[in-house]
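We just call them A, B and C in the order they show up, numbering each chain from 1.
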Amino acid sequence: MASTIRVRATSSGETTEVQALIQHPMDSGFVKDASGNLIPPHFIQQLTFEYGGKPVFVADWGPAVSKDPYVKFSFKGGKKGDDLKISWVDNKGATDTSTAKIQ
Amino acid sequence: MRATIRLAATGVTLAMLLLGAARASHAADSLNPPADAKAFQKFFTDKFPKVKLEDFVNGPYSMDEGLYKQWKEKEEFPPYEFALDAGRDLFAKPFKNGKSFADCFPNKGIGIRQNYPYFDEKRGKVITLEVAINECLESNGEKPFSYTKDDMASVTAYMAFTSRGKPFDIKIPNDPRALAAYENGKKYFYTRRGQLNFSCATCHVQSPGDHIRAEVLAPALGILNAMPIYRSEWGGMGTISRRFTSCNSQVRAVPLKPQDDEYRDLEYYLSYVSNGLPISGPGARP
Amino acid sequence: MRNSVIRISVFCAMSVLLASGAISAWAASTEADYKAAYSAAETANNEAGKLRNQWTTTVSALKDAKKAAEGGDFDKAVALSKHAEALAKASIFQSTEQKDAWKAMEIK
């Protein structure tokens, strides 16, 4: 299966700007389907961006985050050509990981 | 004496014939698609003198400065990316019989979105891109897609993407049935329906740029150029079929079946009057 | 503009009719009353369907009427059927009126 993570990281020398789009249903657990049954909660609980083995951005997410969430942030440092590792874990224990080169 | 009467009678008949002819040509006058398209585009450019003609394909974003800024940012990382990738894969994936979508379309399906819908003179019907895709699947022994979202949205997204920037080039052949389909589409566009008594034009001609609840209404001009769209309100992708059926239910009219004749004709009309405006799909809308 | 004001008032008048229809149904109704009212509503809605202009509100009123009847509440079922019939008739009226009226909206 294709990766659920799309990342673009660009370094300006001093800082690195990161944009990411993650494909996930992010079901809150409060929505009903067409036949009136509750759709069970299914959402990302933790999203981590690691650079050089250290986390640079960690997000604790809950059911209020929208479907297919988008994140944008920047951090100090980061060199062109280095790897940025992204991973998420959801409330059902599913996980996905991806690595992107900083441009 | 008798001859004179007969002559007079012929004269009267002739006059009546002439009158009839005049009336018929008047009726033909009112069916003038090129003039319609010109008037349609002029209406919008007059209403929004600051918006460039080709920018109407960006829908509500062309009408609202704040939205425009947000959209520019969003386009750097658009929410339709996943669908676009899925569409690219589906398009390339061979069917069970070894053929693929490329075998069903002119130019292997690349850069042709602007020519749909077209009028098929053999069948006397409007063929939209969505119909052509499903006919391709069925003629190759595959199961057709659902018209409103998912795979259909992905494949049309990819086909639109390969056609970005190409101006809509919808043709009306010299066939009275094609003209009738066009006229029927126009009628559907302007006819009020549903308990709220709205026509398509109520929102998308009379009130584009205005708010309906928190949303900015899109202008009808160029509205199909951006299809399919990732609509945040839908939390996903939707096709032209989805747009038409959901608009109908919003005004409390029971939607017709996707790709019923009325919807095909409507798409034919709306695409025709946007001739010359570039394809911008897939799009993202709030 | 004038036109739409008139149109709105026509629809308001219809809603009043709807309300009065609902009130007159307050006398205790039987299953037969319900069946007659329901089939009249269904007929009108089918006609609207032929005109390709059913209203979602008609469909849900019909559904609710059926549900009420299944629960034995025939007063409610008759009232809802009459409501559905009035809505269906309004949708037929709308289609008839729009047959030519749509041209007034056209950009020329």
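Throughout what follows, a residue touches a chain if its C-beta (ideal position, glycine included) is under 8 Å from a C-beta of that chain, and two chains touch if they have at least 3 such contacts.
Predicted, not measured: the structure shown is a model, and the values here were computed from it.
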>> So, comparing C-alpha centroids, which chain is the farthest one from chain B?
In response: A
> Among the chains in this structure, which pair is joined by the largest number of C-beta pairs in contact?
Replying inline: B-C
> For chain B and chain C, what's the span in angstrom between their mean Cα positions?
Replying inline: 32
> Once you find the CA centre of chain A and the CA centre of chain C, what distance in Å lies between them?
Replying inline: 50
>> How many angstrom lie between the centres of chain A and chain B, each centre taken as the mean Cα position?
In response: 37
> Hey, which residues of chain B end up touching chain C in the complex?
Replying inline: 36, 39-40, 43, 186-187, 190-195, 197, 199, 201-202, 205, 249, 252-254, 256, 262
> chain B touches which residues of chain A in the complex?
Replying inline: 2, 6, 8, 19, 21, 23, 66-68, 70
> Where on chain C does chain B make contact in their complex?
Replying inline: 7-8, 11, 49, 52-57, 59, 87, 90-91, 94-95, 98, 101-103, 105-108
>> Quick check: in the complex, which residue numbers of chain B touch chain A?
In response: 76-77, 79, 81-82, 85-86, 89, 232, 235-236
